[in-house]
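Should a chain be cited, it is by its letter among A, B, C and D, assigned in written order, with residues numbered from 1 in that chain.
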Amino acid sequence: MTPPPELDLAAARRLLDAQPFSRLLGARLTDFGDGGATLEIDIREDLHQQNGFLHGGVLAYAADNALTFAGGAVLGPAVLTGGFSVQYLRPATGRALRARAHVVHAGRRQAVTRCDLLTVAQDGTETLCAVAQGTVLPVAARTS
Amino acid sequence: MTPPPELDLAAARRLLDAQPFSRLLGARLTDFGDGGATLEIDIREDLHQQNGFLHGGVLAYAADNALTFAGGAVLGPAVLTGGFSVQYLRPATGRALRARAHVVHAGRRQAVTRCDLLTVAQDGTETLCAVAQGTVLPVAARTS
Amino acid sequence: MTPPPELDLAAARRLLDAQPFSRLLGARLTDFGDGGATLEIDIREDLHQQNGFLHGGVLAYAADNALTFAGGAVLGPAVLTGGFSVQYLRPATGRALRARAHVVHAGRRQAVTRCDLLTVAQDGTETLCAVAQGTVLPVAARTS
Amino acid sequence: MTPPPELDLAAARRLLDAQPFSRLLGARLTDFGDGGATLEIDIREDLHQQNGFLHGGVLAYAADNALTFAGGAVLGPAVLTGGFSVQYLRPATGRALRARAHVVHAGRRQAVTRCDLLTVAQDGTETLCAVAQGTVLPVAARTS
């Protein structure tokens, strides 16, 4: 098997920026490489649910995308997310959401990744608010 | 156990409309009750990923929220999502996304729900593009 | 892509019988084909947990194996389970456990399956006690 | 809330030994406390699948039970498993299976746990072969 095309932080940022939905949410990559990726989103009022907390759907987006980019750090840019599982721990509030994902194992057919979702307070304190686990699949020439 | 406060389609729509993130995505409830909920989102360019398909994060949001509203149809409005698992089947494209969730079982401690995520073409044809399964927890007076 | 070697009920039963752990648990295939598989296990005392109910690990085994055989009904015998998610609904008790799985979608890289886990009472009544969802991967010549 | 009845290693071992299915599989607790639990099983021929590897159902049992005991280390003995997700990484072979679980967060309504499933070779080398994530629920006087 030839090694996958490499993806570095700059290329991964261009890829994220090519996702209109990630631009809508204001997501940015703050770390990428060594089998991991960290995605951050500033918590804004229009990302809330009805009680003033960050909407679970934003956490789910961040888990999905951080897992996928972590997979891409190992498998190259031609990947897609097979699926994931997320468990919510507590209401999410603060200055920003930080999704830190790393690849647990990468085989030929799939990479398995874990993600911690943390909120960051004004003073920089992190609070774990959800955990996720998922799979990333290498993409061949065409999708099934 | 006293029955939970009832939630009908009109009240559920007000609840959805009180979620700024759901307004940002343009989500609407098209069906609610009998242990189920259907959420729809028009597919717009700013909900895409880099290849012109609907972003997986939008599918994950729709799964999360449809599961929660289905839980609310049984447990009343004071619920929160414990977590969920989603598997993606194929790239999502079309006119709209439809997330159809129903409660499989509701006990005292949690409700278990399943969700089908379908894209709707211009001619109304539905294509299954993801499946999800999750839990919804009744909320007491305060969160843990 | 050449079609996978076909697997019929008799061949699937030989495959199940070649699994020592399935023999230890007394699992049998009662239905196979058309993208689905049904696995049954008589509930015996040595499959219990501490309160006299069927152990959750037996339900998890049945979900895992029914999902895999359902995948095999579509992809052929050379498959492995990528993973799965299971939610327990109620304590499981009765004469037998029935795990009924079907393939929701089969693509080139993975099949996605759902499984209902039911207990069967002496009079044949079924009670849903857990639900699962998982992925099955086609195996190439060697494992990663 | 009064603190839950405490569960120490000796009491947890008696609880495991009261599970006929755990005795059938030869499971033992090798570590318990501080929000975690480690379960071990000697790999025997009758726990195999058809190719001589440990059956995925044994891994699923070990994930289920290690997660539950880890939850019990925090919530006390009156718990049940809400559900879990497991991803398989590679075929499992060796002298023993070790399932190491810890509680990520415990709230009033559920504890969220993660589990690493490792095989142990004759020389004691550990190989990660599956990862799991699940929820454990405190049980009130009666089940729903």
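Heads up, the rule we're going with is that contacts are C-beta pairs under 8 Å (C-beta built on N, C-alpha and C of every residue); 3 or more make two chains touch, one makes a residue touch a chain.
Keep in mind that this is a model prediction, so the values were computed, not measured.
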item: Selected interface, A-D versus B-D, where C-beta contact pairs are more numerous; value: A-D
item: Per Cα centroids, the chain farthest from subunit C; value: A
item: Superposition rotation for subunit A onto subunit C, Cα-based, multiple of 5°; value: 180
item: Computed distance of Cα centres, subunit D from subunit B, in Å; value: 32
item: Subunit A and subunit D: spacing of chain centres that average the CA atoms, whole Å; value: 28
item: Multi-chain contact residues (two or more partners), subunit C; value: 82-83, 85, 87, 90, 107, 112, 135, 143-144
item: Of all residues in subunit D, those that touch subunit B in their complex; value: 82-83, 85, 107-110, 112, 135, 137, 140, 143-144
item: Touching residues on subunit B, where the partner in the complex is subunit C; value: 85, 87, 89-90, 104-105, 107, 112, 114, 128, 131-135
item: Subunit A residues within the subunit B interface of the complex; value: 15, 18-25, 45-50, 55-58, 60-65, 68, 80-88, 90-91, 130, 143-144
